[in-house]
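Each chain carries a letter (A, B, C and D) given by its place in the written order, and its residues are counted from 1.
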Amino acid sequence: MAGNSFGEIFRITTFGESHGAALGVVIDGCPAGLKIDTAFIQSELDRRRPGQSSIVTQRKESDIVEILSGIFEGVSQGTPIALLIRNEDQHSKDYEHIKSMYRPSHADFTYDVKYGARDYRGGGRSSARETVARVAAAAIAKQLLMHYGITLTAYVSKVGTLKLEKSYMDLDLTKTEENIVRCPDPEMAEKMIELIKEYRKNGDTIGGCVSAVIKGVPAGLGEPVFDKLHADLGKAMLSINACKGFEYGSGFAGTELAGSLHNDTFYKEDQVVKTKTNHSGGIQGGISNGMDIYFNVAFKPVATLMQEQSSVDENGEEVVIQGKGRHDPCVLPRAVPIVEAMAALTMADHLLRNRNSIL
Amino acid sequence: MAGNSFGEIFRITTFGESHGAALGVVIDGCPAGLKIDTAFIQSELDRRRPGQSSIVTQRKESDIVEILSGIFEGVSQGTPIALLIRNEDQHSKDYEHIKSMYRPSHADFTYDVKYGARDYRGGGRSSARETVARVAAAAIAKQLLMHYGITLTAYVSKVGTLKLEKSYMDLDLTKTEENIVRCPDPEMAEKMIELIKEYRKNGDTIGGCVSAVIKGVPAGLGEPVFDKLHADLGKAMLSINACKGFEYGSGFAGTELAGSLHNDTFYKEDQVVKTKTNHSGGIQGGISNGMDIYFNVAFKPVATLMQEQSSVDENGEEVVIQGKGRHDPCVLPRAVPIVEAMAALTMADHLLRNRNSIL
Amino acid sequence: MAGNSFGEIFRITTFGESHGAALGVVIDGCPAGLKIDTAFIQSELDRRRPGQSSIVTQRKESDIVEILSGIFEGVSQGTPIALLIRNEDQHSKDYEHIKSMYRPSHADFTYDVKYGARDYRGGGRSSARETVARVAAAAIAKQLLMHYGITLTAYVSKVGTLKLEKSYMDLDLTKTEENIVRCPDPEMAEKMIELIKEYRKNGDTIGGCVSAVIKGVPAGLGEPVFDKLHADLGKAMLSINACKGFEYGSGFAGTELAGSLHNDTFYKEDQVVKTKTNHSGGIQGGISNGMDIYFNVAFKPVATLMQEQSSVDENGEEVVIQGKGRHDPCVLPRAVPIVEAMAALTMADHLLRNRNSIL
Amino acid sequence: MAGNSFGEIFRITTFGESHGAALGVVIDGCPAGLKIDTAFIQSELDRRRPGQSSIVTQRKESDIVEILSGIFEGVSQGTPIALLIRNEDQHSKDYEHIKSMYRPSHADFTYDVKYGARDYRGGGRSSARETVARVAAAAIAKQLLMHYGITLTAYVSKVGTLKLEKSYMDLDLTKTEENIVRCPDPEMAEKMIELIKEYRKNGDTIGGCVSAVIKGVPAGLGEPVFDKLHADLGKAMLSINACKGFEYGSGFAGTELAGSLHNDTFYKEDQVVKTKTNHSGGIQGGISNGMDIYFNVAFKPVATLMQEQSSVDENGEEVVIQGKGRHDPCVLPRAVPIVEAMAALTMADHLLRNRNSIL
């Protein structure tokens, strides 16, 4: 009800504030009997961790995960799995000077109205630091999906106006992690990195897109009507900080195609029904059809600038704000593991939800 | 769990198949004491009804709503409100010839895989006819919202490549219902109608976009983290048949702006904190900030064509399909009241969810 | 949230008021592929129907069920099953005289406080007539359970101080439906009937107990911690009008046994682990162990008397109330199919919830 | 879905195993602005803690609570409150000898069937140690209730056949904590303590009842139909380890009263509608009527005996089990704070759920 849980069967609840004692997550509904590689959980957190390169925030967090429950002798028990990540590098003083100010395009004002108060230290619960808990939980979800042959990959496909026009099928996605911007096209990656550095130099920020593809999904996942597979994926992505849009399959561009070009023709090959094109993005009527699922997520430029901005404070008085502390000039590279995380959580949940026939 | 319910407090559950006995909805959680204008429910259904103009399906349904419970002496009782719409114009025979075939880009194949069977008559539960129940329920939600001063409007902003470049602020939205394509710009409307007729003439179909704006929303609605207001709006829109994408505020275009241009500067006017620009689309940190909420929804071209298409049947044999019956060449005009409906249901739910402080 | 739904996967939502247009239920989550015997639904409604004998209310309702959706060619589709029962014999005038009065031990006062108004006609939504929808839904649940070999039976075990001391194992439960009080012991049944008639003659009412047994339950159903199988059965029973208590297995009497006598010793027979005694009532740690599940439900005397009673009206003025209309002198006989219904709904839900291991 | 959460708005999720790293709870939905007395949380945990007296288990746990999130400067933030209690006194070796055995009337067998494995150390998740998380969460719930003037108290009313016949109204409940058995009648307390010591001496155990009363509840809490206030209280109690039954108001005894004696007559005093008797237990039609809520909970004798018992192991081989370690001869004294905890959680949730009218 208060919005800190996600999923129906594979259900996570996250907790913790940016500058509080710890972040954490409880996973309720992970089936028993799953072998858990705890080193993988840590390596996923490391992918998301701040301070990895020159184009992301320099906040230093080791983000060591502690498993509190639910795993015994390396195997899930069917009981809740609780994961804890303690905060370390808390520069709460970086926020003292804006304690009573409303930072533009942040959640300061809306939290104040909603709750009558707010934890001003680094955005508290509204900080993207909360996503560390999602990534930890998703590292379990990914292992569940791998058990069933489902894999997923995300990458940066756009920074500002620099757009990767190639489809995921024409890219070598194993190259994504080879550069700091996480774009699988090395040439484009170089340009993107330059662009981000330029914005950072000006104390400014820039947005972009992350694209993702999910492979090995059996036909039949997703619930018709309200909990369509793409509707739940869309909600998952839109719940990520700074997300402004979601499209899957042919997306917004597909609105311009004639139906005769857009329709995906069925054929049968090796005993499997497939489609010749895949404008449907692997989902028809809200249910997976066995083809690749792919989608695209828009992120706005980071709201914290290293420039002066005018605003108001809690009393409505005009103030001038200048960002202090350690911030990302571009959220995109660090958004990649988070997009994967939310996709994994959504897919794990729908995998377990899919038991629709008595046969 | 099976995906036929929407909302947490103002919660609807829809039922019914395209060619079954009836469609219906149960609304659980509508507060007591709300005066209900039943004529308004009917007028909303009339806006959605097929057969209204030459550019939509000619299926003839009177769509008369019957109120089964929850309203006594014109006032909601706090008990479940059940609304029933019987099916009348059931040309089930139009579907006999494709009983065992998989129509391209429809849900025939995925339903078969998921449930081991399907109601082949007009798509059964996967038909857009299901949305009649949503529109009926939303007519109650709209009255609840109006009680609190919240209003919402949708309109067609794009058909194929014909795109209305103006912002909603530069349009006279009272003109939307004056033409059959539901575009508030009369000149553009004319062009869109011509384009749709052209596609229809060729037995083809075309997609487009619906835009919407919600006014009078108090600051504070929406739950942070997973149930962000725009995440729930996005899911609501993506749950509509044929929807391929969702963006709010600056959306996908906003990814190209510098943070210094994108940030919405706060100021105070008439004792109210406002923002000078509204790239945030009225939502910051997932919570409404009191400014207008606006968003954009992409719809693919209708999958049923009045052309021959190749496909396979249940046994994987190649077949040729030709659409019979009465279908929309373009879903957009009839999508307008459905977009409004899903927006109203989402907002009514978040309005009732917003009680976050003991003060 | 508003309490009109029950179950997580096999989930029902009921609607309708005692003297409104209709009662009904939507079942969401019934698996596809289940053959549905619609005559059985009707026969279950007939068992619950008023006017069957001289010791129950003489309200005349034919309680004909209409299937609105979810079943096609006699088989469940995996889509919502909506069932409708129209009200017929509405003597709303019987209630005009108490329109503004608070009947003792009814819900008149509490509904007024909660909702600011109430449907005074026959209790509206608080009437036991609502249970017709539960019985209809449970007739589907029972068929699902039968498919998996699970059966359940309830019977009257106590009326006033007349208590059937025998265990269900020493009774011939096939005899339950042979008498109008639904007690499987013919001699005791005779006494109970006499007692009820005596109370009715005095314009008074009397309470009692219904006992129930569930057989064929596989080990493993029920979720530990909060959703223990007996906790959900208990809630199900306590949700029935007039219910005052629930006990399972050894129940309240078990509190007086030493642990050494109460513990159920395990042994193995025919490759199955069983227990020699069954004080556990078939449930250990909240999870079924494969033995019979049995429990006992207490019902208070019916609150509507054919006597004068003093009370107050909406303005707090003292009034005298005398019951009019057609009421049960004892709720027990008609409670039997309702206890079965709620048990069936609980078991069907937990049957579908039980997928806890990846193995 | 997996049953580790309780409540709809004030919703808790507990995690942790008896002999794992820690127990904990996340509270989602506690309103912002509540002053939290953290010392009170600790004092509640101390009331539940093992090792307090000679008649309870001698396991030594300091049960120090750590607040991980959701409270800033002593006030709830509207964000999830996570509480952590680390395990200390883990005598896991006490369980090595029964690793593959099924203890009678424990959850060993049912967990094995359900999950394909189990954490044999002290019952893992099925241990009553899990209730430490409930008591911690309820210490917050109690503070929320106190803010609204609602208080609750529980006490031991029965041990074996020793039954306190007096009503709660004839007892001085402030005396409950003055003796180690937590019975407010000093004479009866003495007898109960003797009885428990006798059972302990024999290596045996005994059951009993806890009674509870809730005062200051405003009329209007509880949802009609399935989520009746007493149905949710009943489920809450039945979810406590070893609970076998629940009754409220007149309970099972009320089944023997005539309706004319059982009905609670309304009258008005000091502008408040009250009832002369309170057989309804403060709840009518599932909704509180402003009178005291009282109920009674049955607990079976503890299953772990310090005697030899025969059983089977995982392979179905006959074995002899003898309890080792530190166990309660009678669960009742320690059940008192747990009954209060579950009552507080239920009431806090229904307090927040009760917004049923737009007026």
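Points worth noting:
We take it that contacts are C-beta pairs under 8 Å (C-beta built on N, C-alpha and C of every residue); 3 or more make two chains touch, one makes a residue touch a chain.
Since we're looking at a predicted model, the values are computed, not measured.
When you average the Cα atoms of each chain and compare centres, the chain farthest from chain C turns out to be A. Across the two interfaces under comparison, A-B and A-C, the one joined by more C-beta contacts turns out to be A-B. Note on chain placement: the centre of chain B and the centre of chain C lie 39 Å apart, centres being C-alpha means. Between chain A and chain C, the centres computed from C-alpha atoms are 46 Å apart. In whole angstrom, the spacing between the mean C-alpha positions of chain A and chain B is 26.
Shared interface positions of chain A, i.e. residues touching 2 or more other chains, are given as 1-2, 4-5, 8-9, 14, 32-33, 78-79, 114-116, 125, 224, 356-357, 359. Chain-to-chain contact here is organised exhaustively, every possible pair of chains being in touch. Within the complex, the chain A residues that touch chain C are 1, 31-34, 78-79, 144, 147, 224, 352, 355-359. For chain D in complex with chain C, the residues that touch the partner chain are 1-6, 8-9, 14, 102, 104-107, 109-111, 113-116, 125-126, 130, 158, 160-161, 199, 204-209, 219-220, 222-228, 230-232, 234-236, 238-239, 244-252, 254-260, 262-268, 271, 273, 275, 279-281, 284-290, 298-305, 307, 309-312, 316, 318, 353-354, 356-357, 359. Here chain C touches chain B in the complex through residues 1-2, 4-5, 8-9, 11, 13-17, 20-24, 26, 28-29, 32-33, 66-70, 72, 75, 77-82, 84, 114-119, 124-125, going by the rule given at the top.
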